[in-house]
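Chain naming follows the written order as A, B and C, and within any one chain the residues start at number 1.
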Amino acid sequence: METVFYISAAIAVLSTLMVVTRRNAVHALLYLIVSLLAVAVILFVLGGPMVAVLEVIVYAGAIMVLFVFVIIVLNIGHEAVRQERQWLRPGNWIGPALLTGVLAAELVYILAGRAAGVASGEQVSPAALGASLFGPYVLGVEMASLLLLAALVGAYHLGRRTTTRQEQGSDGIDKR
Amino acid sequence: MISILRSIWLVFLHALHRRVTVQYPEQAIRRPPRFRGRIILSRDPDGGERCVACYLCAAACPVDCIALQAAQDEHGRRYPAFFRINFSRCIFCGFCEDACPTYAIQLTPDFEMSEARRQEMVYEKEDLTISGPGKYPGYNFYRVAGLAIAGKGKGQAENEQPPSDPKTLLP
Amino acid sequence: MSPTAVYLVTIFGLLIAVFTLSAGLIWYERRLLALFQDRYGPNRVGPFGLLQSVADIVKIFFKEDWVPPFADKPVFVIAPAVIIVATLMSFGVVAFAPGVMVSDLNVGLLFFLAMSSMGAYGVALAGWSSNNKYSLLGGLRAAAQVISYEVFMGLSLMGVVMMAGSFNLVRIVQAQERMWFFLPQLVGMAVFMVAGFAETFRIPFDLPEAENELVAGFHTEYSGMKFAFFFLGEYIGISLVSAMLVILFFGGWLGPVLPPLAWFFIKTFIFISFFILVRGSLPRPRFDQLMAYGWKVMLPLSLANLVVTAGILLWRRS
């Protein structure tokens, strides 16, 4: 089980690196999907199959499809690839990378001091997950749902049609 | 919603209907008697050629697929020296059959005439001529037409009246 | 045999069975459509035309496998594989009979949903990477359609999950020993079926390939084996959705007299035939009609089903 964990962790790190360095947006997205799938495998190994599968459904399956959708609609061509190449000059990324490197070093230092708690093998059942979501963490769940509702209302407001009622009636949308 | 289910049900009922496909090579196709297929040249009940090489069929043919050459035998009777139909051009319209004064050229219900080489679609007189009278048994052009041939003067055949004299006004 | 060997035999047996069955389904669909249209369909190659699929596969093997010069090559090559892999992965959790399954995952149902949503990438990316306007439109339609329909595909199944008390497919089948779930979950079944049509891009909802407006939609530029992958993926998808329908609503392997595996296959075949019947009878809606139907009819219906089921379950428990 531990080898599976390390392999998928390596895949996750590598593919995330590729996400940052790709010039073509769709290729970057594909690497992001791979990264998410690798994280799902890690979660599965760590004993959370429910969370792993939900990650695939929600992130890899829905949100990333939306991303792909948007990028297809934006019709990114060679122009964007050229622009991306400009942005990826060392002068642009070396500062943030150094700072992130320091953070990563700190993280490794802290984690190295503790006992490795990888792969407990204990599976969390969906029922236990649900009980803890609607038991001790109910406040967090409700807050998240409120936030999502606000986002939904906001998105609806922004995407509202400005056409008049008459035009709407004649555009042939199903009137059942 | 109901209409969707209804159309699914009606399509399902078609599983019980008779199939309209004819399994062609194994199963014969029913063709009407006037089906316009392969063209043949027929013969008299006596066995002589009916064609008198009048060129009417070649003139009527809209795609010019009929070629023939007229000739006369020792009795003065006309016959085609060669008679050629290019079936790769023929459209089986049947105009030649309509035009023919002697019922010599006829269309038959046979349509299975595919060939591997295009040259083989050109039928010569030997390929076209059949041994019988085709659709008109008992009809003999020279026995009913007002022409003098060996052994028969004008107007001497059965059912034939003597020729009228164009130079007189009397009936 | 050791457990590992049994495991490997199950996996490879499943793979071979799924691939041959899906290839056979091409023949089956053509024959059945012909039956509904008063024709015979392919009946020349072998007895009853059974070898038609073999002939098709041989033909497609010898076709040129062409990648258009304007395509995004890596994505173009990956896309058909994504579809096949995503649908085949789902077969890993399908419970054919007691003990006859690859993985008895305790979140099997969610795994199926996850993998069916991954299938959208194959189509969307195929459309994008072809670099062709019709393919692009097909890919766009596919992405939008899958996102919309998978929402209530998941919701429609939650009634079943509540009644069975588990995401595990074996448990769900076992919970149907007294009564198959299609009776109490009639609405859920209807919604799941419609969503299944949409997720597999079958004919009432085949807008991504809509051949009379988009040439062939997302697979316009594909040929040879890559096209065969799309084709096969569609049929594997049909078998998968039919198998899931049987497991979730029609008692899986449960049934009298015959062995469990036989029951499972008989039921699955009935639903595959139903898929083909619907293909033979319904026209394709417009895309806005498809979206309106999904969000305005199917989503409220599945939510209502969820609430009513939960209410009845709570009332009966108290």
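Just so it is clear, a residue touches a chain if its C-beta (ideal position, glycine included) is under 8 Å from a C-beta of that chain, and two chains touch if they have at least 3 such contacts.
Computed from a prediction, not measured in an experiment: that's the story for all the values here.
Asks: So how do the chains connect up here, line, ring, star, complete, or something else (other)?
Replies: Topology of touching chains reads as a line.
Asks: Which pairing of chains gives the most C-beta pairs in contact?
Replies: So the chains sharing the most C-beta contacts are A-C.
Asks: What whole-Å value do you get for the distance between chain B and chain C if each is reduced to the mean of its CA atoms?
Replies: That pair's centroid distance is 59 Å.
Asks: If you average the Cα atoms of chain A and of chain B to get two centres, how far apart are those centres in Å?
Replies: The answer is 79 Å.
Asks: When the centre of a chain is set as the mean of its C-alpha atoms, what distance in Å lies between chain A and chain C?
Replies: Whole-Å distance between the two chain centres: 26.
Asks: Tell me, which parts of chain B touch chain C in their complex?
Replies: 4, 7-8, 10-12, 14-15, 17-21, 23
Asks: Under the stated contact criterion, what part of chain A meets chain C in this complex?
Replies: 24, 26-27, 30, 33, 49-50, 53-54, 56-57, 60-62, 64-66, 68-69, 72-73, 123, 125-126, 172-174
Asks: Once bound in the complex, which stretches of chain C touch chain A?
Replies: Those residues of chain C that touch chain A are 72, 74-75, 78, 105-107, 110-111, 113-115, 117-118, 120-121, 124-125, 127-129, 136, 139-140, 143-144, 146-147, 150, 154, 166-167, 286, 288-289, 292-293, 296.
Asks: With touch defined as at the start, can you tell me which chain C residues reach chain B in the complex?
Replies: Chain C reaches chain B through residues 34-40, 277-278, 280-282.
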